[in-house]
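As structure tokens, the structure follows; a few thoughts come after it.
Here the chain labels run A, B, C and D in written order, and each chain numbers its own residues starting at 1.
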Amino acid sequence: MLNNAFDFEKPISELEQLIAELRRPEKQDEAKAQGIDLDARIDVLESELKRVMKQVYSSLSPWEKTLMARHKDRPYTLDYVRLILDDFLELSGDRLAGNDEAVVGGPARLDGAPVFVIGQQKARDLRERQRRNFGSAHAEGFRKALRIARLAEKFQKPLILFVDTAGAAADLHAEEMGVSDAIARNLKELAVLRTPIVVIVIGEGGSGGALAMAVGDRVLMLEHAVYSVISPEGCASILWHDSKRAGDAADALKLTAQSAKELGVVDTVIPEPLGGAHRDPVATANSIKQAVSKSLATLAKKSITTLLDERYARIRKLGAWEE
Amino acid sequence: MLNNAFDFEKPISELEQLIAELRRPEKQDEAKAQGIDLDARIDVLESELKRVMKQVYSSLSPWEKTLMARHKDRPYTLDYVRLILDDFLELSGDRLAGNDEAVVGGPARLDGAPVFVIGQQKARDLRERQRRNFGSAHAEGFRKALRIARLAEKFQKPLILFVDTAGAAADLHAEEMGVSDAIARNLKELAVLRTPIVVIVIGEGGSGGALAMAVGDRVLMLEHAVYSVISPEGCASILWHDSKRAGDAADALKLTAQSAKELGVVDTVIPEPLGGAHRDPVATANSIKQAVSKSLATLAKKSITTLLDERYARIRKLGAWEE
Amino acid sequence: MNRGSWFGRRARPSRTASSVPEGIATKCASCGEILFARDFERNQKVCHKCQHHHRLSARERLAMTVDEETFVEIDGHLRSTDPLQFPEYLDKRKRAEEKTGLWEAVLTGTAAIEGIPVVIGVADFGFMGGSMGSVVGERVARAMEMGAAEGMPVVMFTASGGARMHEGLLALMQMAKTSAAAARLDLARIPYIVVLTDPTTGGVFASYASLGDIALAEPGAIIGFAGRRVGNQDVGTKLPDNFQTSEFQFEHGMIDRIVPRKEMRSVLAQLLGLLIQAVPNAE
Amino acid sequence: MNRGSWFGRRARPSRTASSVPEGIATKCASCGEILFARDFERNQKVCHKCQHHHRLSARERLAMTVDEETFVEIDGHLRSTDPLQFPEYLDKRKRAEEKTGLWEAVLTGTAAIEGIPVVIGVADFGFMGGSMGSVVGERVARAMEMGAAEGMPVVMFTASGGARMHEGLLALMQMAKTSAAAARLDLARIPYIVVLTDPTTGGVFASYASLGDIALAEPGAIIGFAGRRVGNQDVGTKLPDNFQTSEFQFEHGMIDRIVPRKEMRSVLAQLLGLLIQAVPNAE
């Protein structure tokens, strides 16, 4: 059953409610008494539901994808870490000034093999959301990420990066602690970090704050995740001085996984279960795990020199221009 | 003439006052009128002055040296930078959180050849002393020093470190920003920094705060500078619960340049002009310059591998133990 | 890298060398002082009264920074496309081209500063707010690659509102591209000097503008991540008066020196001279 | 390094295994709870009521950390001298030796933690406040050099008031020595794990104790640079309640995890297992 349904999911939740209604014991008893074949009707409705769902979720608009990517039931980094990895041991602190809980990371095992994982971490309940600043990292968070990335390099373990943020923190403290410098430093250091890096955009890939933890050898992206230079709301305010036209801006920004793949920013779009990752986190996690394992297996065969040359070439070709 | 004379300098300042008195025009006229050979008397007094000075300054007690090292007219890092180097361009900031003015540094030229210089900076007037926290660096200062040291490494220029601090800052902000981590990081990184490093202890070498900028291939020390694990006052309070016994503690701590050389911590003691560096900053600067140039010339001939091996061996052998 | 055919080509002169036509006065954008064009130009567009450093076009900046006749544009042939078919993008770019006489928001090339050969990049805020799209990113990256390949120091004058929205994700990726190029430049031990000018914000400040070995800035320039407007929206936070200026960033350790415009050229020359000289301790 | 003759030697047992003789109770140093010796020992000297982690001797720490019978002391033959002929130093050291059954404030050796071979160092605060003189510095440095030479991870349990005043400048130099050894250990890519225990301050916190790849700490330990007394002297500064504790340092990014004593061994084993496994991407 669908919790927190969006407008575009109304036909789905109506069908789901109908089916649930028909499945109630009283309804079943009633039908039996009247000799009606309720199961057949439910079957019909269920195949209709499947049809509608396929139709709705395969033709989500960019704005609808944005809503999906921000869905509060959508699995977050630590959900996937728990589902995909074993033995995760969270590390903390930037060894400079603080411990930013908008970023989590540490060593873990993927099918027995040690890796390092780092991700941006949103949260559901209000207190945890505040503690994690809604997944928007300050300089301390980006610097923690870089510290852990360097441990991966030192110990020659592959690095997995989960991206899920509306963007970097943009408050006074962020500016005081040099959030721009921290983002830039990550972009620079990840580009030459001497270990394989696989990035997965799992939810919101918001601007520089997302990119600061999204430089790697392979960039994967969930089917309904978004990745954008600016939020649709921000874009709409700048373009039309009307943040309510976020839907139009989302169209213009081409922020879907499918567009990101066409633009060469993303290598692989990982399909989500029908209805989105939050409908089946375990299945989603399995898909991610398979894609990550496959990428790492390919990358493990490369020498560091080849790896870094290809990583550089991958970044270097991004963009559109005429010579 | 002696300004801000210490107790042990009283015989000197009395003689100096006497000589000054005899040199007054009225005295000269008076003597001439009376046919007295004042010049001869002045000559006698001056040679006596020289004798007394030699005696006093060659037999300073450790506590007297401590006072000399802290003398407010004693030249500070930037004084020597101005006197020894050309083209100094001060750099600022740790690229993390702040710009600590207790530490100064940047590129400059020594006899035309580019070098980098970093030092702890005390100050004379009250406002500047506050701005520079009396030469006691916070984490930001040590991190600025490391940033500049890494520029020296990147551009393969030798590094000159001036040490002059009562110790690292030990307040709430220092603790919040990880001053211990910053000191430790400098000790670690300077030990393997891939460029020649010459250290000069010019005034107070106070504990870990001094050491954090005193790791190098050669450690030079001015004749009346001090270098100690703890301030004499701090030591006296711990040992005898009486900070007024600082003199006894200074004796016990063996904190003079001469002792530091005997202990193998310092390679060369640079003589100061009679009466101390502040009596003739230019002459002191010249002595420092000669010693630094000589050290750098020797170090420049070594391969980086030899340099680092010898630097490590130099640090490794420090200490006293029986096997 | 193949840049043979255009390498020696001279860039065409700027169509609008100055916003103050000869013989006419303008008002200081900061203090309102009447500034006579000739004085204003002579004073490098710095207000003689309040020292406000007015924005410069890329051409103006080059003219007062590099040795006469030494600038040779590289990669001037690169042209933006409209990969997202973004609303109004082509129109806006056309207007920017006409206004600035440039094809893009940054000029890159080789030049000499007091005789020292450098690769130089100069942003032009007049061209769509100096925003970084594919061509800006590509030019900056190629300039850095040239510096690394030829062993020439790289100097970048920045002025930008950030990544160019109209190129979407591809604009964002220029942050990664320029930073990756900066990483390689760093590994090659080539000096990289950034000069932050008014304004440098967003994705440019959060990428190649923050990666200089040395960071200089003009006084009073707006320099920050999110722009003051965004910062101001924080609930209950009192912002310092100098929030997101050169001076604020200097206090917070992000800038080496704030250098008045009239000293910039000589400071750059001094710095370059100190960083490039012969190696005293080779491997 | 020549450590042949003493390498295989077993260290003598501690003379004072516990401050609470069998069968007698003691009071919790934090909450005053009466703690019966057997329970207290079984609970690893953690108060069952307030969870206060009481200090341990080096021998106690080893016993609850490494696999039984695996600890083999190295460099146990090193003896301090009195290079400064410092007042009362020899007497103090003699008393410390008698009290702790140790020759110095740190024990180093090889051992296994859940089967994983490590080089381990354990400080003993009971020996002159865990202060670092020449022998402590030398032992720590040699332990790290052994880790680098043998490819064994290094684990250091710290507890110290800082550098040992009585050895003057030579004590200070142990900060440089241990840090230089940590630098070489790092370059050799060997895991270096620090466990900060109560108290770790001064020159030890400002050298090898801060240089771990991973920093763990026991809860509620005093950890800081200058000691709370010094910090308190600041004029007009209100210190946070948890100033200079594990929790304060964790908040300020200096510690990876605060690990209760009863979990320390398994966390160490898990961590070591994650860091030492085979290399996936060789050059």
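Note that in this section a residue touches a chain if its C-beta (ideal position, glycine included) is under 8 Å from a C-beta of that chain, and two chains touch if they have at least 3 such contacts.
What you see is a predicted model, and the numbers here were worked out from it, not measured in a lab.
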Separation of chain A from chain B in touching-chain steps, minimised, is 1
Considering B-C alongside B-D, which chain pair is linked by more C-beta pairs in contact?
-> B-D
In angstrom, rounded to a whole number, how far apart do the mean CA points of chain A and chain C lie?
-> 34
Indicate the whole-number Å distance between the mean C-alpha point of chain B and the mean C-alpha point of chain C.
-> 42
How far is the middle of chain C from the middle of chain D, if each middle is the mean of its Cα atoms, in Å?
-> 52
Return the residues of chain D touching two or more other chains; collapse runs of consecutive numbers into ranges.
-> 186, 252-254
At least two other chains touched by the same residue of chain A: list those residues.
-> 95-97, 176-178, 181, 185
Should the pattern of chain-chain touching be classed as line, ring, star, complete or other?
-> other
Which of the chains touch, listed as pairs?
-> A-B, A-C, A-D, B-C, B-D
Of all residues in chain C, those that touch chain B in their complex = 186, 189, 191, 213-215, 250-257, 267, 270-271, 273-275, 277, 279-283
In the complex, go through chain B and note every residue touching chain C.
-> 87, 89-99, 106-109, 113-114, 140, 144, 151, 154-158, 195-196, 296, 299-300, 302-305, 307
Per the touch rule, the chain B residues reaching chain D in their complex are 168, 170-172, 174-181, 183-185, 187-189, 191-192, 207-208, 211-212, 215, 227-230, 235, 238-239, 252-255, 259-260, 263, 265, 312, 315-316, 318-323
Going by the contact rule at the top, pick out the chain D residues touching chain B in the complex.
-> 77-81, 83-84, 86-88, 133-135, 137-138, 141, 163-165, 167-177, 179-184, 186-187, 202-203, 205-211, 224-226, 230-231, 234, 237, 239-240, 243-244, 248, 252-254
Inside the complex, what are the residues of chain A that reach chain B?
-> 95-97, 139, 143, 176-178, 181, 185
